[in-house]
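The following blocks contain the structures, represented as structure tokens.
Look at the two complexes coming up: chain A is in both, with chain B in one and chain C in the other.
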Partner chain A sequence: MLGSIYGLIGLGITMVFSVTGLMNFAHGDFMAIAMYLCLALYTRFNLDPYISMLLVIPLLFVMGLLVYHFLFQRMIDAELLMVIQMTLGMVFIIESTLQILFTADYVNVPNFAYGSRFIMGPFVMSGSYLVTFLIGSSVGVALYWMLQYTDLGRQIRAIAQNREAAMLMGIQTHRVQMIVFAMGIALLGLSGSLTTSIITLQPYMGLDFTLFAFIVFVMGGVGNFLGTLVAGFVLGVAEALGALFIGGHMGGLVPYGLFVLILIVRPQGIMGAR
Partner chain B sequence: MSWTFFQEHKKRDLLFLAGIILILFLPSQLSTFWNRTFAMIFLFIYWSSAWNIIGGMAGEMNFLHPIFIGLGAYTSSLLYLKLGISPWLGMFVGGIMAVGIGVVIGWICYRSGLPHLSFALICLGFTHIAVIIAFSLKITGGSRGLMIRPAPGLANMQFATMAGYYYMGLILAAFIVGLSLWIERSKIGYYLKAIRHNEMAASAIGINTVGYRLIAMAISAFLTAIGGTFYAQLVLYLDPPSAINAMVIFSMILFCAIGGFGTVWGPVVGTLLLMPIGEVLRLYLWTGLHLIVYGIVVIVVILFSPQGLVPWFQKYAKKKG
Partner chain C sequence: MLLSVEKITAGYGTVAIIKDISLEVNKGEWVVVIGGNGAGKSTLFRVISGLMKPKTGKVLLDGYDLTALPSHAIVELGVIQVPEGRLIFPRMNVKENLLLGGRNTRAKPHIASTLEKVYHLFPKLKERETQEGGTLSGGEQQMLAIGRGLMALPRVLMLDEPSLGLAPIMVAEIFKTLHMLNQEGMTILLVEQNVVMSLKSSQRGYVIENGQIALSGNSQDLIQDERTKRAYLGT
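Now for the complex of A and B:
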């Protein structure tokens, strides 16, 4: 059921990549920041992660704006591997800062839906999974609607198709790029707050999220918004099934194996065009 | 040829000679710790340069090297532990296995014309799979790892003092710089450069792009696996997360990036600049803080010269004279 969250994280990367051409390896670490913010708010003020979300999302949006303005904007024409290395430098900074501030212990943040269980036929489902799934997929649908039918969405798609032509049409590419980057980070604020009760917090988890997000991003077809959401679901289901039927180390193989297989059979991704 | 020109060259040659003598006599003055650190630095120069052949010269986002390192380390160590075969032979077996795996994965991926990004992620996927396999196999010792009995002796590729490892690392590093210089000036080097800049155009003028990328992959895989054997003999302990470590490939690429992709001296400069900084910071700063400072150094250097230090320096030298 984490599929919708994988889809959301991947969607952030897809939007940022198609509009700015940047790859952010620190993407998952911003999600870690969001989750630790929830933890801090919970321990200090006893705020439920579902409520502190309202605080965390704008905060991450602003953080995205600042990071883009001071770091990424200068790298927009640099080689892709260079950008990746710069973001890896950010990974070092963020992970060590989190470790110093919160120690390397494993922690969980409970929320009000944590203890409840829903029984649907043969499946038992924790309440927080259900909430995560519902919010995650509705935000995914809302974003898709936004991309298709609003002015901002049209501008985003125009820049993704051809940056120079979009610029000539009078779209303020720089502003849109900045907003999109911040939106990608804000999406992580949402997914981070939703999953604090499901995923155990640990300062070094960011890179794993990033890898999963990239896998979703490539599997859906690079730059394809709908494909990313679909790929997120597919991977989430594959992971759950692998854990259920095989279990242990080998169960963890299933999503990666599936990814490799899909790309070999269909190099352009699930919904990508040649 | 004027007198000043001769003098300048004499000066440069003298400096060069002094540098070589310093490098050769350094180990006797250093503590065990620093000898070991320098051995690691040389090993990373070696690995980064090996990656540079496929990643820099052919411009491919190849992340398979943790698998090659693991294969080299595990193969030679297992041959040594179970059959008593010297690592000097075992490293070639490991190298050949790495070439096999690299060429098979490369062949599948290149033929389907995967974009760079997808290829990079497939590599990371394979790395994950390799770690899981190493965990679940019995022969690798699983998560308990593999201990190599210390038995110093040249035949076992183990040395009584760390200075021995220093010289061994130095030889590896010198060898790879020589090899890179040769490749850069050979036909393969020019073909790889053509492939890097425009693969379609390269294939249009009749370069067998798949073939040459596979050759680059094979060379790189073989050399990396041999470095893996040396690594195993240096640390004498292998377990899946440390032997097949994705962070190692990230640092290898980082060193190449800082120095300049595709240049022979880039990986050398990058490693020599960053690794000592990292070690010193780790020694003298509060744990955790050293990585923050390291990250800041990396970001500042990249923002300062987005092309890498070696191309930047070349441009600077050209402007000056």
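Now for the complex of A and C:
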């Protein structure tokens, strides 16, 4: 059921990579920031994460704009290793800051759907999983629609397919790159707010999200938007089935095993071109 | 004059690829820049479109200085380039490619009628409307690139080697279309290696050698000129 969230996190990475060529190893840490923001709003003001989402998403968007403008934009023509260095540095800064502010305790932030249960045939599902799935997948579909059928979407795809030609069309590439980056971060605001009751918060979880996002990114076929969403969904299902039928550590290995298997059978990814 | 390039020197690092190049294009005129491989023709175009900043010199449109402007602002002003190698968007269909051409603020209000005109000019594109750009033949891709340029309602249409890699019959068709556009008043700046054809169809020409203007004048005179003949026509 978390598949739609993996899809969204991965789509952020895919969009940013295809228009800027940047790899952000601190990507998942912004989701951690979003989740801790929900925690802070919950403890201070008793706000339900589903409501603080309305604050967290725009906040993360602005954060994305600023981080892009002051850090990433300067790296756009730099060596890939420089970008990895910088973003790994950001990982340590963000994770340590979160630990200083919130301690390393494991916490969950409940939301109003958390206690409710839905029974579907033999399966019992928590309400927050259902809400996460519904919102996550509708946003995924909406984003895909935006990329295919709106002017902004066409601009994004144009830059991804040929940056120089996009410039000759009069597309303001710098502006679009900045918006896309901020959108990727804002998606983490959404994903983070939706999952505070499902995923236990701890300051060092960001890199795990990033790892999963990279798997989704590669598995979907590098740079393929639809493929990324599908890959996220497949990984989510694999994870859930692994936990259900195998369980424990072995169950947790299922999505990674599937990733390796898919790469062996289809090295270009689920929907990637050769 | 509509477009003028004044003493442009540009290159990469300390190497100057074009040196002290000046040229002019009047409204409604068809001007050709000819020169061999590596003569600096594409560099000149990159400078005019703002993809590359010159070390010295200016580019003026109607006397207005474009040199410091970003590429999108130059497109807004109507200086439109159809790049070498066509550079169409391979995973977008023909219509999407064309719509992207007509995004600037001058062209946008007329986008539907311009699209009709482009389809009228290139009926093949209408037939292939929903086909991905990357699946078209070379000639069709060139038509698409020109059509995409026309969607921007250019005041100056710049074309970088549109005949490159095309069959002679396709080249003739492209030149016929350009001739028609020029007859209707389109200002054209063409860069070509296809010397005879481009001199025959244009009004004025410049010959670039090693990044500098070696010769310039009326196209008919240039065809007759011994130096052009020696350099390009193999006599």
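List of remarks:
We adopt the following convention: the second predicted complex is superposed on the first by the 274 of 274 C-alpha atoms of A that agree within 3 Å, B and C clash if a C-alpha of one lies under 4 Å from a C-alpha of the other, contacts with A are read in each partner's own complex, and residues count from 1 in each chain.
Heads up, the rule we're going with is that contacts are C-beta pairs under 8 Å (C-beta built on N, C-alpha and C of every residue); 3 or more make two chains touch, one makes a residue touch a chain.
Quick caveat, the model's predicted, so the values are computed rather than measured.
Of the two partner chains placed by superposition, only chain C is touched by A:162; chain B is not. After overlaying the two complexes on the shared chain, residue contacts for A:154 are found with chain C alone; chain B is out of touch. Legend: residue contacts after superposition of the two complexes on their common chain; A:250 is shown touching chain B, with no touch to chain C.
Residue contacts after overlaying the shared chain place A:85 against chain B, while chain C stays out of touching range.
By the touch criterion defined above, A:15 reaches neither chain B nor chain C.
Once the two complexes are laid over each other on the shared chain, residue contacts for A:172 go to chain C alone; chain B is not touched.
With both complexes placed on chain A, chain A has more residues touched by B than by the other of chain B and chain C. Shared-chain residue A:96: touches chain B; no touch with chain C. Taken together, the chain C residues at the contact with chain A in this complex read 49, 51, 70-72, 75-76, 80-81, 83, 87-92, 96, 99-101, 103-104, 148, 152. The part of chain B that touches chain A in the complex is made up of residues 55, 61, 108-109, 112-118, 121-122, 124-126, 128-129, 132, 135-136, 250, 253-254, 257-258, 261, 288-292, 294-299, 302-303, 306-308.
Those residues of chain A that touch chain C in the shared complex are 151, 154-155, 157-158, 161-162, 164-173. Only residues 23, 71, 74-75, 78-82, 84-86, 88-93, 95-97, 99-100, 211, 214-215, 218, 222, 248-250, 252-253, 256-257, 259-260, 263-264, 267, 269 of chain A touch chain B when the two sit together in their complex.
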